[in-house]
Amino acid sequence: MIQFLNLLINGVIEGLVVALPALAMTLVMGVNRFPNAATGDLMTTGAYTAVILQALGVSSLLGATVLAALGTAIISVISYELIFKKLARQPMIASLLAAIGLGFLLRSVISFFAGHDQRNFKLPLVRAWNFDGVRILPSDLNIAAAALVCLLLVFFLLYKTSFGRQLRAVSDNPDLARASGIRARSLMIGLWLLVGMISAIGGVLLGMKAVVMPELGWDHLIPAFAAMVLGGIGSPVGAVLGALIMCVAQELSVPLLGPSYKLVLSFGVLALVLLIRPSGLMGRTELVR
Amino acid sequence: MIAYFVAIGIVSLIYALLALGLNLQFGLTRLVNFGIVAFFAIGAYTSALLALAGVPLLISFICATLLAGFAALPIGLLSLRLREDYLAIATLGFSEAVRITIQQEEWLTKGVQGLPGIPKVFASLGTSQADNALFVLLLALTALVAWGTVRLTRSPLGRLLRAIGDDEPALMALGKNPTKFKVQIFMLGAGLAGLAGAFYAHFITFISPEQFLPLVTFYVWMGLIMGGSGTVRGALGGAVLLMIFLEGSRFIKDWIPGVSEVQMASVRLAAVGLALILVTLYRPNGLFSGNSKT
Amino acid sequence: MNRRNLLKLSATSAALQMLPGLALAQASGVFKVGSLCPVTGAGSPYGPGMQQAIRMAVDEINAAGGAGGVKLELFTEDGQTKPDAAVLAAKKLIEINKVQALLGTWASGVTLAVMPLTDAANIIQMNTSGAPAISNLDTKDLVWRYQATNDRFGQAFAEICKKNGYKRPATMAFNNASGLGNTQGFTKAWEAAGGKVVAHVTYEPNRPSYRSELQKILDAKPDVIVTGSYLPDSTIILREWFQSGVPVKWIMPGWAANPDLVKALGNEVCEGLISVDSVSNEKSASYAHFDKMYTKATGKAGSTNVYAAMTYDMAIVLGLAIEAAGPGATVAQVNAKIREVGNPGGTAVYTFAEGKALLAKKEKINYEGASSKLDFDKFGDVTPDFGVYVIEKGELVRRDVVSIASGA
């Protein structure tokens, strides 16, 4: 029972962090209709920016994160303007390939200047709270809380502001949205800024939990994608639920399958969902032929 | 001196086989396979393990091709139900799943330790002659596959498949069932990749899971779209370009003084990324040669 | 430009690159040495330094008048820590540059892939790889290993555990040949002595958290955890361990438990951690000599790159063997001299110049290297001593040296 609880806690915390890139991917998927494979490397960009800022003397971690989020948001918008906007009329595969290329490019630029060595956020180390064998790390709670706050802000944005309403409208029905006069351009810019920010924050949180390395984001691409599909593309709530379920399932599988098969589990879940219920838990967008 | 070029030639031809396999899958049926390295790996490991157990090479090569082809069946079936970008990511996940499985099942594959001492093709001829003979064999084989692909493309079946790309409902309305053919072509492409993998294993003589990362898939894609997919000439040209890129970067470090060698790996990755972006932006025919002649 | 021109241009430039190599290949009176270090890839923390060390040694030998009446000429290539890239690079070195010895391969996969090529060309190969398979495949006795095999590392771990009185070890291994090799070597040695390993876990690279893996180990209540790990994963694991509050000791390889680890985690976490590494022969004059040159050439201390000391020794041993074999010797004859100049049975020498002088007087020498005593066993493997360091107040303090018997 204790082991189960510990694994559950691990899963929930990791799930909250994975929820961020999953959310970023589902937003782009819903509106621009392609899986943004560069999401992982946007996360890495955010993490590196923050950790380097901290190393350069920015004392507030929050401040460094905000700056990292802004920087990544700008890169995200630029990528839309220069690349993805132009590929909008092409088949999806073009955007997907370009996104992968963008991811490689970001990663290589980072490793060119910052090297391949790991970097760490300067964080105080604290002992875990031990409830009779069930361990909870205060730092993990902080991370989870930060992820939760970020998610809540995004949901507020999506469901309580006109920007969010327009975004969801375009996601559900692009033609109708266009006909009703929603200004696409500023909407898109807003979307890509948001996506960049969410990815960056996800990257920072991940980096805080682990270490910052060039492969940080790429390693989480498939789990994030699987989470998005599980939850139903285009559904923000689905993305979060999908991430939580996926990560908890991964952790709970460790006693049975061992830690090495976690990624295989993601893929297995992905394949299963695609076969049985392609629309995912909460989605309505069709993804079959 | 010649031996070096022969070695490069051999590796180019292995990539060419991979590209031809991918070309069958994507160029002909528009099935996006981001996991071709999985079939490459299956072919490599199958042939290596059989050969190390004493099986004659001809048999091990055939088994490698067949096994890789059959491994594609579940993916082929899955692909029928998926939109292309989902298939892309699903195949990527599949290739990683295959790699991890190979890595973990040590009892079979020796896992991360890898398989050393894989016998070379034509080993009885002595090293330098063996490589020359292998080169000739690969050349003939690649030419055969290329010719076969062209014939396939021009055949009624091929024309049917090219039509499938975008207009499945119309085809079905005509009473033709494309799914069986699509899956078969997919498996054929995977089998080719498996054959390439077998040649790879017996040339390098050492394989380990780390040599079958997704990056290999993207190298082949890069070569394919730079060469112009959907055409056999494109697949072959792409393989050559790819080789020049990979080996040429060895000499680049002598040209660019400021870059440390450590940074060369980043430069190489950046070049792949940039190539992918630029080709999709400015050479859309690289991906979708709707009017290709093969 | 269109594709055809691009192809032509690339082919021409590639050909032009080869010309210098062609010209020099014609020159006689040189012994050609190839270096195939992991300048890029997973071995890149060590590769550039390794290559530099070889160059240093070659320059030193040439400055002392060469060996066997000829100068040494060095050709360098990047193995990229990948077997397929390394094979092509080796082909280039062997076929175009016509090297007579290939030094400096680091990853086991690279060495294993390159060995058939060097064996077929009947040239000498020297590596710093750990896989036991290399010894078995060294049928022509042309392959020389300057790093302890993973097995021996594991044995050293077992020896240290015994000395410290630990009774319940657990192991955690990074999922690659080196990580698993270390822990499997440990388990083999530990169980052979009648002990039991209470738990083992193999973990995946590049994960953000190893809590579940660590949990599994801690649940078995070990008194010490022996790892085959690297820096990033060690950082994460130790951080999570410390925050769990469970008391346990750690024994880690030196490339993971190094000053960078302390920098990442702070003194408190690392206090008492045991770090084990094949010790450079630090008390010897050869190490001091190497360290001085290395620091001058790279700006970093020799202690930051144990593999550089090994590659330096490779070139020096090669030079001494060439000298011992005499002018006009074949590669096979040079190869036969390697044990003679490295193993006991002669006067100890600590630099190339010293060795050359004694060889001129027809005396037998025993080169004590910068990386280890360089006593080659029947497989051509060395057994470096193992330094046992304890991290105290953020510093690595050497507390012990462990020697494993050769031929084990």
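In this document, chain identifiers A, B and C correspond to the written order of the chains, with residue numbering beginning at 1 in each.
The rule is short, and it goes like this: contacts are C-beta pairs under 8 Å (C-beta built on N, C-alpha and C of every residue); 3 or more make two chains touch, one makes a residue touch a chain.
Being a predicted model, the structure only gives us computed values, none of them experimental.
Counting C-beta pairs in contact, the pair that comes out ahead of the other among A-C and A-B is A-B. Ranked by separation of Cα centres from chain B, the top chain is C.
Each chain gets one centre point, the mean of its Cα atoms, and the points for chain B and chain C are 34 Å apart. Centre to centre, using the average C-alpha position, chain A and chain C are separated by 40 Å. With centres taken as mean Cα positions, chain B sits 31 Å from chain A.
Counting partner chains per residue, chain A has residues 258, 260, 263 touching two or more of them.
Listed for chain C are residues 44, 175, each touching two or more other chains. Chain contacts: chain B has residues 103, 262, 265 touching two or more partner chains.
Considering their complex, residues 32, 78, 80-86, 88-90, 92-94, 96-97, 100-101, 103-104, 168, 218, 221, 225, 262-263, 265-270, 272-277, 280-281, 284, 287-288 of chain B touch chain A. Residue ranges of chain A in contact with chain B, taken from their complex: 34-35, 37, 83, 86-87, 90-98, 100-109, 111-112, 115, 222, 225-226, 229, 258, 260-261, 263-264, 266-268, 270-271, 274-275, 278, 287-289. Residues of chain B that touch chain C in their complex: 1-4, 7-8, 11, 103, 111-114, 116-117, 120, 127, 200, 203-208, 210-211, 227, 237, 240-241, 244, 246-248, 250-251, 253-254, 260-262, 264-265.
Touching chain C in their complex are the following residues of chain A: 3, 6-7, 10, 14, 17, 116-118, 120, 125-128, 130, 135, 137, 139, 206, 209-211, 213, 215-216, 219-220, 251, 254-255, 258-260, 262-263. Of all residues in chain C, those touching chain A in their complex are 44-45, 175, 201-204, 206-213, 215-216, 219, 231-232, 235-236, 239-240, 242-245, 260, 264-266, 268-269.
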